[in-house]
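We just call them A, B and C in the order they show up, numbering each chain from 1.
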Amino acid sequence: MAEEKKDLITLESGEMAQPFNWTAGVYGSKFLTELRDNKKFVGVKCPKCGKVYVPPRRVCGPCFEELTELVPVSDEGELITFTVVSFGFVDPATGAQKAVPYGYAAIMLDGSDTVLLHYVNETDPAKIKIGARVKAVFEEQRTGSLLDIKHFELI
Amino acid sequence: MEAVAIVGAAMTRIERERKADGYADLVYEATRAALDDAGMSIDQIDNVVTVSNDFFDGRTISSMAIMDACGSYDKNVTTVEGDGTFGAFFGLMRVLSGSYGTTLVCAHHKGSESQMPLITNAMFDPIYARMLGIEAITSSALQARAYMTKYGISEEQCALVSVKNHGNAFKNPVAQLPLELTVEKVMSSPYIADPIKLLDCCPISDGASAIILATEERAKKITDKPVWAKGVAHCSTAYHLGDHELHDVSALEEAAKKAYSMAGIKDPAKEIDLVELYDAFTYMEPLWLEGLGFCEQGGGGKLTESGKTAAAGELPVNVSGGCLSGNPVLAAGLNRMIECALQIRGDAGEHQVDGVKTALAHGINGPCGQSHCVWVLGGEK
Amino acid sequence: MGKRVAVTGVGMTRQRSARPDVTGQELINEAVRMALADAGMTRKDIDAVVIGNMDHFEGVNYVDTWSVDGSGALMKPIMKLTTGGTTGSTIAMAAYYHVASGLFDRVLAIGWEKNSESDTTGAIITAFDPFWDRPIFAGAVAGLALEATAYMHATGATEEDAAYVAVRERKHALNNPYAHLHLNMTIEDVMNSPYLSWPVKMGDMCPRTDGACALVFASEDVADDFPIKPAWVLGVADRHLWAYTSDPYLDFKTGEAWFPAMQKSARDVYDRVGITDPLEQFDVAELYLPYSFAGLRYMESLGFCGKGEAPALTRAGTFDMGGKCPVNPSGGVMSSNAIGATAIIRVAEAAWQIQGRAEDRQVPDVKLALATGFGGCFWSDILVLGKEKPEKARG
């Protein structure tokens, strides 16, 4: 079949990519290597307000203090909110269609004062409750990425 | 214009690669240092203007990542996408509006994380220009050739800029690339895009910088060495490279004219003591000096040859080493302002020029200096 | 002290799903020409231009310099600002500060987007941290769904309550020829639409749109010289509290159901303008509500009612045309969302309402109007426009 000749021309960029080599920073790297090597979570504690940030970050926004004290936090925590993603979309990290549906949640790990976003292994919203307890499940092969955590499971 | 002063200014060391630190870390370092320079705490900052670019940072809404780092929590904060000189201009307007007594302006760049030609290629028209591979260096080469042909500027004259600015960088502890060069060395460096050779180009850099602007009332309480904004203006010419003569710098002339008028400057060559301009490529220094009115059109090459623009000359230009010695894009223009401020304060250390009362800082946006911003700063209100 | 500032010209393209008949510059130019004609100006009269969009939706770097053929900025000052979803309100505020500074009398503010030129969800995902957010983030829809779930949990609000917001916005859009979606939907239609990300359904969400909007901002020195009555900008405010996409959900732990950045931003501008009872004082509101649940939580955070009270007021028609304070007579963001233009369109609609020029969607006798922007990690911009010239510049 002959290709349709369009009068209004659009230009496809093709597989245009802008490769980047982002830095995780010293504390971010520590968080990721702990996941990779020990299946453990670390956070960083604000010297002023005492808030523990997970994943670690350099600055406490409200206090404008530099954070230096790494502290261990639990691999279990509380579910703060959740959704079940069911619309199809292209994952820009992989260029492939993301497999749906999947559970997606904001989780506050025990010992942390911030929330971590990750998958939860349940796709029926009726079976998930805010305030539920969850625990991290790790991948067998870990590379130093947030996806070294396979998902959180409801406990 | 009511009096507004720079009361704090700082930049990180400019380096080829700050591997351990993300750009938010660089911003924190610069912000903290600017606050220390002013002797201020973050709660004395009334509002924040960040400067970033989604392409250079590799993420949409690039300013999001630095919201903690720039101290903007619970403040009015916004983002100018362009050179730091433009961000500072917006920061100035927020003070002049009467809404805020102080504005912190920060800018950052991590050139080490990205592919610069791909990013600057995206400045050009996707339908008519990009597929030809044009980007910052090739477009600048077109401009350099147009300029040199029109006015008989020689490659040797451009090479002198490289020798001078890289030499100046030895006395600037934050400069990335001090180099002991000769015209011969520059001339024998390989062509990147004729007539631009390797040693005519700025390096790729990581760095961040921050300044604090304040009303007169606040400035007097903060510092006994305020650096006053005497005049500032910016202007853009046409986009498509074929829509204007590339040697024509009327947008810069227009911006300079307005800034001089605000500052009450009639003869820039006599009244301005020092210039920090955006020399991403060597030919830009003589060309911009013409546009700024320091010599007649086509006289930039001879001005450079005369030695007047050397650190010890009558009109020192890029005593810091300029962008040629370290170019964290976007932060680079803010760095020009910071260098002027330090010179006016007498705080420039080893590269201090005697008796700097009035200085000019310059930044650009877009290809071939399509849009120029000119600041006149002074020690006297 | 700064100058008083007014909106004295409005231009806007019809918001459409895709505009392959124009380039970005041409799309911008449609809005610019309309705004200039409305203000009785030519390109020569513009003192400065501010422009904004989100880079990765069109893949153009340095949009300020790229735009000059369309924006009219040739041999003029042009500056780009960008802050994600709030870009449009950022641009409006930037134009406000340009004029208030006393440096410029007539400033053109342009917000635009051609969302049809890229994958919107993909580009939104790249807004977030490559290490902590991006690997598991699913764009704005899922991010908002997390908010909806937590809001329902905190207040007892239901999916049906949200559907009332969706139906209202879509019904209002039927009166607006500029709106992208003209959908006559019922509560059942919304409730029966497929889940995108539980509890958010197709009927709850905004579309992706191509469009541009341009406004002329003028100083008190020249504001009376225009053919249309000025709509005065009485106050502007902005708050960004967070840096990571996960941070806003923390607010549900510490602040229960409120949206703290919006509350703080509202407090800032309300104090400057003298708003103590928004529901009583505002005659109309054009709010950045990207999905239906926002029409509940944000009304409460803006102080229109107490926590958990928005559903009952919404069902009672308080925010409908003819209600106590109509919200989004234009149909709002749920009916048109050309992201960089979206929040400046709120300001444009508010100006039209103040000037009595909103045609079939005009609310009678508007003296005070509220416009908002929303974006980033729950960033909040607020502008208040009024019919009467303020006694003094408020900053």
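Everything that follows uses one rule, which is that contacts are C-beta pairs under 8 Å (C-beta built on N, C-alpha and C of every residue); 3 or more make two chains touch, one makes a residue touch a chain.
Since the structure is predicted, the reported quantities are computational estimates derived from the model, not experimental observations.
When the C-beta contacts at A-B and at B-C are tallied, the pair with the greater total is B-C. Averaging the CA coordinates per chain and comparing them to the mean over all protein CA atoms picks out C as nearest. Averaging Cα coordinates per chain places chain A and chain C 29 Å apart. With centres set at the average Cα position, the gap from chain A to chain B is 37 Å. Computed from the mean C-alpha positions, the centre of chain B lies at a distance of 34 Å from the centre of chain C. Of all residues in chain A, those touching 2 or more other chains are 13, 20, 22, 24, 28, 57, 61, listed in ascending order. Each of the following residues of chain C touches two or more other chains: 59, 123, 126, 130, 241-243.
Across the assembly, chain B contributes 24, 55, 58, 67-69, 72-74, 119, 122, 126-127 as residues in contact with two or more other chains. Of all the residues in chain C, the ones that touch chain B in their complex are 1-2, 23, 54-56, 59-69, 73-84, 90, 93-94, 96-98, 100-103, 123-124, 126-130, 237-243, 264, 268, 375-377, 393, 395.
Residues 8, 10, 13, 16, 20, 22, 24, 28, 32, 55, 57, 61, 80-87, 89-93, 98, 104-106, 108, 113-119, 125, 130, 145-147 of chain A are the ones that touch chain C when the two sit in their complex. Considering their complex, residues 11, 13, 18-26, 28, 57-62, 64, 66 of chain A touch chain B. If you check the complex, the residues on chain C that touch chain A are 20-21, 59, 119, 121-123, 125-126, 130-139, 141-142, 145-150, 153, 194-200, 241-247, 249-250, 252-253. On the side of chain B, the complex with chain C involves touching residues 1-2, 24, 53-55, 58-61, 63-69, 72-82, 86, 89-90, 92-94, 96-100, 119-120, 122-123, 125-127, 233-240, 250-251, 254-255, 365-367, 370-371.
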